[in-house]
Structures are given as structure tokens and as C-alpha cells.
């Protein structure tokens, strides 16, 4: 037994069969961050005071990508989401932007990949929209914070 | 002037017009990593010795996603890539997997987002395929290493 | 309170959470029209007498697009449709083509966007296939006619 | 001869072969409008004063859809756009929102469908985000304003 | 009555309305083969002994395509699959590769198109990855083997 | 050396780099067939006499899929096609339908996968639209007939 849920006893990829699971309410919360120069953060903030379209664009990109998670991650099931969104917080201490995404569905399998895809694409979109000011930005700490629902029960990341 | 290339003077999103640029050969190299428990890394390696389908699946997912970068990142141009791929290296010192993606095109704009999307989706796919063994995994240090081509010339990340 | 269902108290986009709603049978009917020169309408009709592929193509394009509504409209949920289709009626009084689309699903949220997308893309496809005969065509009166199902109950457009 | 460019002599659909055309700079401008109650327009404006995310979302949705025109309109060629965007103007005289989209590419065929798709999806997104305030909204006057480039030369809509 | 389920009494395409059907567990198994030169088969096998990425790539491509069946086949419903996969068997007697795909869902309509799309795209991917060794390859005998679930009951292909 | 163009010396998948190739006019012609009962063929023909929407739908599905070949076949490049279409011939001798697709592009790599995808999806669509009359249908002899353009020169299938 390999312990990997997506490969069979010969190591070949397979999609986990969720047909026998019952539909339950599932939620997942993921987070991540992008570090950048203070000047880039200030430029986002200056825009945010007026129109905020960098952050709006990142939020929408994250939502759109989360809905298409099963197209991006080969063995993910297509799960019609009840809700997905991403909060973006400008943080001078990084300096940069912290992203926290929450996804939920009534489904036979969990939505942690949807939350992780949402965070990641939102952060990549911030990178894209600010890269003219410097390419040193780094996306880090993309991780699951917690999940609930399903047979395996709730899970929460231990405090650092 | 905001310094952000994707917002106009009112902060509204816009796609940078690349029509006046000439087509040149462009290359971008991006990297990232996923840290995991040693047991998870060993499980990937054990599979790799036989069939390697976790890594193969991650490579293909990264390639597929890179080709669809303009669908994921709202203001990216659709660039027909000449080539894209991702190398995955099992690294006991993390422990985890290091990913390095190279994308190239003959195009009017650069391909750094394609390389970053490739790395990110490959790492998310590794997460998805191994998450049954533990959800503590963290994706970090997703960054551009270097790019070449185009009017702005070559760029290389400074050594840490 | 803004009255807008897709923005939070800070005006930020969010997806309405439909997780607490129950699945009910939903139907929506939308309509629209494209006005064109009489010569273009006659060309469609002449084709229609033989093979009708302009109208067939428009019907299929509308159906295909409706199934992908959640990819086009950022805050739409992915709703597996029970049925969707579009009727196209050649109308000498416009002159042009009238489109009426009906979408249905057993879902937690309504399908009016699916019906509207179906109508719109069918009409755009007619434009595309006949634009060689004249670019004066105008798409108008794209609107919801009625919807049923869901907690908010039935709705029907008032007579003009 | 049918006059329809996308059907052959038997009325069967075909894609126009653009292989013999040379690549030239192409631009197309399209427009359209959505009429709504004054209360709905005021709600958008109130949001716009603070964050403007209804309009930002509509702009991004239009851009995203324009890049995927060839997936929506069956006989459209896949054209890598140099630029596409949409301006949204709140207009009390409608009351409602006027949309004007400009698309450009260096290509073997024109980009008018891309501009029309951009306008239409931006307007449908406004509908989606405000429909909780009333479903009477109507999308109208979706039309090409002008195009340039290509063998057939420039075209501009005659004044009404 | 035409006997065709996807055209109305006038021959116009329509999507079968499945709203009145109840959700039941559905399974479909499809198969197909690709014949090739013995040298090409040997090259795949040589790769398979080490890394097997031709077969892994084909498996993933089939799975990915199956999840998007409703985007490819115009009148297919979007069905969230519980599971889909494809077995690939190297067969010296062809010489070539035999593919067998199984798809399952709890749905209002069957999943035979998903199984057929999975088989077909897996075989096309093998073609793509080996075509440098010879273009004489032929894909044949793509067919449904059996299906279960739904009102029409089980079906199994008669022995040849 | 493996002889496989899409795997490196370690058997790992890679995308062939076409950046150094020059753009030339490329054409590929592929064919295939679907065999069915005479009753099913007669039903298609009866429809075809009136509206022909089974065949129109199959043609459009094939064209749409061909444009998205790079999304389906993992290592295919995204090639903006100059033209693609599929001819469908009802053949009593099968009985069934013969499909022949032609794709062309000015590109750095060939378009044989696009032609093969077009044929295959057109045939699968015919299957889908007629499967209510019998599931015994078989898709066979999907193959490349000829290709031209590119450094490797022209190729034509030898007569049987």
C-alpha cells in the first residue's frame, strides 16, 4: 500500500471513486502570501484607495480558477461549489499581500484543492499586474488552514 | 503614474497593448517547492521507482495549465508557446519536491506567467495526489529565476 | 446595504453562498433579437430551406455556451443543466431573427444567466455567419421573460 | 452563391480559410448598453464611489471572454489578441450603463467578434451582479462601431 | 418520430430534458485500440519499463477529457463524475495498445459518452506521442462494452 | 534514443521545442468512420433530407474540438488554425458515416492532431445523437491520410 490515494497498487494514476460517499457540507480554508518591494505594495495601495482594481482582478481570477479546479488538477472531481471567495490583505510587515480563500460545497468529496487553487491564482494575478515594478516577488506559504465535513472529519493546521 | 502596467490612470484594469512590439524569442524560467513529511516524500519516491506517475501527472498538469495561462490570469495575452516543461527533483533536505519550469515562445510579450503557472499547478498536483498522507504540506518560494528576450532585455534573480 | 447581491458591505465581489438553499426545479426563459438587412435575412432563409446550418450552428453555439456560463460570468455558480435550448424564428417584420431560450435545472440557484447566455451567443453566432453581407446588424432586447422555482418564487416580465 | 461566408454551396458550415491572407494590424470597436431602473444604477454608482467592483468585474469578464471568442463562436478563428478592453460609462439618461470595447490583433482575419463578445459578456456580468434589484434590465444596441485593417479596408457605422 | 433522441419533430437539435429523471448510480465501460508498427510498440514498452510516461500521459489525457465531455459533445449534459479512468494494455498481437475506460456517476443520465471520450483521447494521445516513429497508426473499434443504471436498465455488448 | 519525440532520455514527458522551426503552410487530412445499423443510418438520412442537424452538429463539434486540440492532447502546441472542417458522407455499404477532416495552419509544427481530433469528435457526436437507436455503433479506421508542409516534407498513406 503506497499511501497515495491517487495511484493504484501498480503506481498508475486513478481517480478516487467517490460514488459510495454521501453528500455532505464541506468547507476548506487556504492561505498564502506574496512578498514584494515596499514600492510595489504602495502602488497597489494607492490604486486601492481609488479603484482597487488590482485586488478586484485578483479576487475574480481566484474565483474563476477555483470553479475550474477539475480542469487544472488532473485527478480532482468536478465539484459544483456553493461558494468561493478570497480575502486579500495588504500587509506592511511582509511587505506584500496575504490571501485567504474559503470554498464550500455540498459534495461527495472535499474542496481543499478549490481553496488552494483560488489562493494561488489570486496571488499569481497580483504578480502579473505588478511585475512591471519588479520581478523579485515571491509567492510562499500556500497551505491549507482547515477543512470540515466528510467522513474523515475536521482538520485544522497546528499553530506554528 | 501608478507604475502598475495593467491599470490606467484611473486605476481601471486594461490589457497592455503589445501590437507595436515585434516578435522575438522569449524564455522564462521559474521555480518553486513543496515541503512535506519525509513519509510522503518516501511514498512518492517509492512510486517513482516503479512508475513515477505522481511526478508524470504533475508534469503534465503543469504543461497543460501553462498552455492555458491566458484563461487563468485575466490580463495575460494568449501566447502560443514554442515549448514548456517542468523538472521535478525529490529533495531530502526539504523534505519535498523542487520544481523548475522553462517556457519559451516567439512572441510580442514575455512568458514569465506561463512558467510561473506551470510550476504552481505542478506543485498543487503533487499536493493533491499525496494529501491523503497529510495536509501539512506547504508550497513556497514560487518565483521567477530568469527571463530573456524582449525590449526590456534579460533579467536574472540576484543570488540570495 | 447595497442591494447588490454579489458585493459585500465593502463593495468587494463575492459569490453568493447557496449552500443553505435546497435543490428545487428551476426554469428560466430569455429572449433577444438581431436586426439585419432584408437581403441577409433572405440569405439565411434560402440556406434554411436547404440545410439550415446557420440556424443549427447558432442553436448549438448557444447550447454550448449556456453549459459554460459559470466560466463566462465570474460570480455564477456551476450548475449542471437538465436542459437548455434556443428557438430561432425568422421575422420579416424586424427584419431579422428572434431567439428564445429555455434553461432548466434541479439546483440551489436559478438559471436565468444560462438562458441569457444561450440567447446572446446564438445571436452573436448569427452575426458572425452573416457579417460578410453587412455589418449593420444590431442585437437588442436581450432580456429575461420569466423564471420559476426557488424561494423567491416565480417572476414574469410585465407586458410592454 | 449564398452571400454567407461560413456556408459552402450546399449550405454546410465551413470555416473561412484565412491561410492565404497576410497578417495585418486589425482593430474593431463595438458597443452596447444595458438599461435598468434608476435605483439599480444608483446602487452601482454608490459601489463605484467606494470600490467599483461591479464595473471591475464586468471589465474583467469581458476581457476574459474576448480571449476565448473562438471557443464560443463556432466558426471564429483563434486569434491571439494584442489588446482588448471595455469602457463602461454610467448614463443617467438611459438609465443604465454604456459599454464600448476595443480589440486589436496582428492577424489574418478581423477581430470584430472579439469586440462584440467583450461588450456582451461585460453587460451580462452587470446584469448578473445587479439582478437581485430587479430583473427588468434589457441589453440592447450591441453593434459594431468601426473596424480597420485587412483587405476589405476600413468600415465605420453610419450616423443614425 | 425520428428515433433520434437529440432532434425534435422538425429535426432541430435539442438537449434531452433529464429534469424528471431520478439520480441513480450509473456506470459505463468503453474500449478501443490503436494499431501500430512493432517498433513503435517496442519503444513504448521500453519507456514503460523505466518511466512509463507515454502511458501515464495517455491515462491523464483521457481522464481530463472525460471530465470535459459536455464541452466537446454539444448535447451532452455536464455530469460531475464519481470516477473515471482508463486501462492501457500493450498487445503484441495487434501490435498496439488496447484501452478500456470505466466512468461512473450518480446522475440523471448515463455516462457512456464520458467513457467513450476517455478512451478516444487516451488513444489519440498515444498517437501524438509516438507519431515521430510512423504515421501509419490506426485507431479502431471504439465502442461501448456495457452500461448499468438508469431507467433503460443494463446493456452489454453481445459477443462477436 | 527512444524514437519517441515527446519523452526525453529518461522517458519523461516533454513538449517538443518548435521555437527554432520556421513558420510554413501546413495541411493535414484525417479520416474515420462510424458503423451503425441500417435503421440508424436511415434515421440520420431522413433527418438530413429535412434539416440535417445531426450532421451539422457533428461538423460543428469537430471544428470546435479541433480548435482546442492543445487542451485535449497534453503535448500538443496551441496552433491558431487557418481553417478546419469535416466532410460527412452517409455510406450504405458500411452502413454508417465516413468522416474526412482537413486542417491547415501557417505554423511551426504540423496539424495532424487537429485533423484527427476533428474527425474523432465529429464521429463521437454522431454516436451521441443516435445512440437512442442502438449502442452497437463502432468508430473505426481513424487515421491520417496525408500531410504537407514542414521540414519532414509531405506524407501520404500508402494504398491498402
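Order of writing sets the labels: A, B, C, D, E and F. Residues in every chain begin at 1.
Here is the rule we use: a residue touches a chain if its C-beta (ideal position, glycine included) is under 8 Å from a C-beta of that chain, and two chains touch if they have at least 3 such contacts.
The model shown is predicted, which means the values in this text are computed figures rather than measured ones.
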{"item": "Other chains in touch with both chain B and chain F", "value": "D, E"}
{"item": "Same or different residue numbers at the chain E/chain F copy interface, by half rule", "value": "same"}
{"item": "Chain pair among E-F, C-E or B-F whose interface repeats that of A-B, sharing over half of the contact pairs by residue number", "value": "E-F"}
{"item": "Chain centre separation (chain A, chain F; CA means) in Å", "value": "37"}
{"item": "Centre-of-Cα separation between chain F and chain C, whole angstrom", "value": "31"}
{"item": "Chain C: positions in contact with at least two other chains", "value": "12-13, 51-53, 56-57, 59-61, 64, 74-75, 78, 80"}
{"item": "Interchain pairs in contact, sorted by label", "value": "A-B, A-C, A-D, A-E, B-D, B-E, B-F, C-D, C-E, C-F, D-F, E-F"}
{"item": "Of all residues in chain B, those that touch chain A in their complex", "value": "2-7, 10-13, 32, 39-40, 43-44, 46-47, 50-54, 56-57, 60-61, 64-65, 71-76, 112-113, 116-117, 120-121, 124-125, 127-133, 135-144, 147, 155, 157-158"}
{"item": "Chain D residues touching chain B - in the complex, by the definition given at the top", "value": "25, 55-56, 59-60, 63-64, 67-68, 78, 80-85, 104-106"}
{"item": "Touching residues on chain F, where the partner in the complex is chain B", "value": "12-19, 70-71, 74-75, 77-80, 108"}
{"item": "Complex interface listing, chain E residues touching chain B", "value": "51-53, 56-57, 59-61, 64"}
